[in-house]
């Protein structure tokens, strides 16, 4: 067990050219799919949660195939945290905006007052914005969960 | 009785309470601090006295502060019984303040600011108890009094004082939370009110068994009255500085206990109810044990303050005894004894303190011949003792006489015997002190040249209270009138 | 459709604030304090307005996203909920002043993370006071719990282990609740509380209903640390950073008690909860009595101030559970009043503990010696809190105890009455022990005459001010308990029970 | 005996959830390793998720995704689709479960760094010292 841990630390395990190349190819498509799931969430199966998880998984996949540092180089923890926060802010912000505009919380039809559109259209668009926010938040949470846990919490953030 | 809405009852309570602020702020300048104390004392007595004529004329004052529980507001009300007690307490506080100054300065006590502040809170609470219009308000001030006297008992801050403080709180808080609070709630549950109403509120509301239980809870629960078996705190509390013992454990605290019991007996139960259920007789027999037993124990005490404490325990039960007789004379005697005993006992404590200040002696066996060095103190002590024993021409005689008459009226010869026996015992534990002070030869080989009368600040109050004891025999009118108003409006 | 969104802002403000703190706090620490305080200050004022509005106009129903109940999520603001709303935001606001100071020292550089969780927790608690949906309640319960796990784990020493124990116990509780809700859903096909209640009335009483009730109750009991299920609480609250415990300790258990009342009133009727199984009702009161006695006894054994306080919290939970299950108006009044009072008392005492630990670094009884000379104002406020815990008038604690005892007497539950009295006495022993140490034991420096002058080292104003405020609030609530009961709490109790 | 078996078979989904729940419960209480406790917790939660999801199932019911136009013109026959609500609820419950697991693992990391072990006995021993 000790040995395995030692080897894992020196990253001798898992550094396979085949896997790395495959991941390199797959990640963009995974992310694209994740975006699709998010965007299409309010209309068909899918949504912010699922899409966010897929997006997060793509970062995790990079980290698994290469190593933590590489994945962090691509997508720094700071960006990640900001995106996560921005996601939640977007979600609550939209809800709050509805309320501020005189509707009920998350009642997107109130957004008519910003851009006059059909309330039904606005409902669709509003839920879309919320899904994007949720997706961003879930993605960042998934990624940071993995990072924190796999680095034994030695990243500068965490508990 | 017509009650006038007025701010004065509150003023009487608030004045000493507010005085704590300047007292604490002027801790660095003792003269200023003590001026505040005296000012508050004088002012309070003036306020109380200013209400006296109205009360004597059959009126009263009332002030509702807040309706905290449905039907039970925090309410202050000045009636004859409350006025009686407040008058005694506020009058004696002035002398206690003067005495405190002399005592504390002579002994160079520490933490005097805390001492005077706590004292002011205690007197405020005492007046609050006197002016309470219902049981809840009374309970409130009762607890405030317990807490404010705790720092006074623990004043010395050594192991003994802390242990006594613990004992004090255990008894006082334990009984008030454990016994009075449930009893009060049961009364509220039964009647929906806690107002002190002449003639009582409990008649016909509960079974005799419940009522007996309630009476027991109240009498034992107001442990400040020192009814056995919850009397142990009083001797323990004697570690406090003597002015505290004198005023609080001679007048304020213990009388608050008795006053609370009297309030409950007169205005919650009502004398008629007690008479009908024969609860009064039970009560008198119950406290008779305390009277005799405490007097016997007092005989054995060598520490002067402890002897006085046991004497107090016995005397307190006289007052409850009087109430329990439910005869006119008996009740009059019981209530009157509050005042008479207060003047007598405070004199005795003042004297004990003066002896301690002058000679640093606590034990009676060491006090042989001291009376020749301090004749004024011992003379005052003699007067106080006579009053407690119940000899004419001192105030104590009036109350004891009424008690005796009451006992005879209610055909309780046992009580007559108890009263007479106890008076004999009182004489037995007081006279030796005086005798030894004046006539016993000073123990050989002890330097006594330095001993002389205590400072004027100590001597003056004790002389005045002793004289008051004497005067009360000749001019008891005000107090008698108040008692009459309170019991038979 | 109501256009008033004030109540949702109370929920949204800390939620939004949490992430704003996280974002901006990353940039600069200076953002943390004004944002947190601003958000909570706003929430408090809004809660006050909402309470006034609810008292004037009656219960407000709010549908999130304008989806009609029972399909959409409904928020219900009844007088009790509005009272809780005010309590939560006011206590949180007061506590925040203190935690801003203590966290600056305890977790330097991580304030923004701490206060993100802190505000999320408050948002969760606010949501709990508002929600009218059984499943939503579960989610919010878990939001509060997860943030609490995190906050506690940020403490030192054994904190992570304590937090883990809490996670296991808390999750079991939440799962039980979820299971109970599942049974209810099977029975009624809806999750809206009012809807469930309506449908349940037409249903026959079945074992499934009893199962649902039992699961929900046990789940909530675990979360509120009702006595035999309390084992996680003392260590977790003791080890938490003092900035976290000043907020968690007053609010978490109390809000859960409120949830129990909510469940009994809004989902199951009091008639069902109390009177269909009289043995159960009496049994729970006895269990509460046992809880009070045992927790008080355990508190006696502690030698650390904060740990002692945690056991008192456990005992107080017994007070409230028992009060609710006395099944009469007085008891229920007492329980609700005690939620308010206990939150304030615990706040006061924990604020004092935080101030003491800030100055002395320890809360062991030995380190309290002579403390009143060093920190006179802190100790004075602590004393007020202690008096309230003991139940000395006119502090608030007396009056809730009054109603609880009255309820016990009315229901002839003498065991419960005795337990309450016993606990008051134990509290007196506990607190006077500390008062004696702090006031009258001045160490070897010599008692009696001629003390060395001790320098006054009060806690910083940011910790002292909320503490004094809490102490004053105890007295104010004590005097105001009459109007509070008549004006608010009586409205919250449904008639005819 | 027949009756019991018939009962079990008829409501097998409930029995499975009860068994799973008990397994999780045992792991949480009986196991001394903290990670195993956490796994027990996950099993426990999964059992409840299973319970919920199984309540939504109907014999012959399909996926509750319907064509918009078909639904608007013909309406939906409830018998043909399973009840989606429990699934949706469980989606939330799963998220909650993941969050709890995440926090718990992070806490365990701190425990491990503090004590160098995740065995409860050893930790308690170290605390005792």
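Order of writing sets the labels: A, B, C and D. Residues in every chain begin at 1.
What we mean here is this: a contact is a pair of C-beta atoms (placed from the backbone, for glycine too) under 8 Å apart; a residue touches a chain by one contact, two chains touch by 3 or more.
Keep in mind it's a predicted model, so treat the numbers as computed, not measured.
The minimum number of touch steps separating chain A from chain D is 1. Considering every other chain in turn, the ones in contact with both chain A and chain C prove to be D. Taking each chain's centre as the mean of its CA atoms, B is the chain most distant from chain D.
Inter-chain contacts peak for the pair B-C, counting C-beta pairs in contact. Per-chain Cα centroids separate chain C from chain D by 29 Å. Between the CA-based centres of chain B and chain D the separation comes to 70 Å, rounded to the whole angstrom. The centroid of the Cα atoms in chain B and the matching centroid in chain C are 43 Å apart.
Per-chain CA centroids place chain A at a distance of 77 Å from chain B. Looking at chain A, one finds that residues 159 touch two or more other chains. The set of chain C residues touching two or more other chains comprises 150, 153, 160.
Interfaces, counted as pairs of touching chains, are A-C, A-D, B-C, C-D.
Within the complex formed with chain A, the chain D residues making contact are 65, 91, 95, 102, 105-107, 109-110, 112-113. If you check the complex, the residues on chain A that touch chain C are 78, 81-82, 85-86, 88-89, 92-93, 95-96, 99-100, 102-109, 157, 159. Those residues of chain A that touch chain D in the complex are listed here as 44-45, 49, 141, 145, 148-149, 152-153, 158-159.
Residue ranges of chain C in contact with chain B, taken from their complex: 387, 390-394, 399, 402, 405-406, 409-410, 417, 421, 424-425, 428-429, 432, 436, 439-442, 447-451, 478-483, 485-486. Interface residues of chain C facing chain A in the complex, by the touch rule stated above, are 1-3, 5, 8-9, 12, 15-16, 19-20, 22-23, 26, 62-66, 113, 150, 153-154, 160.
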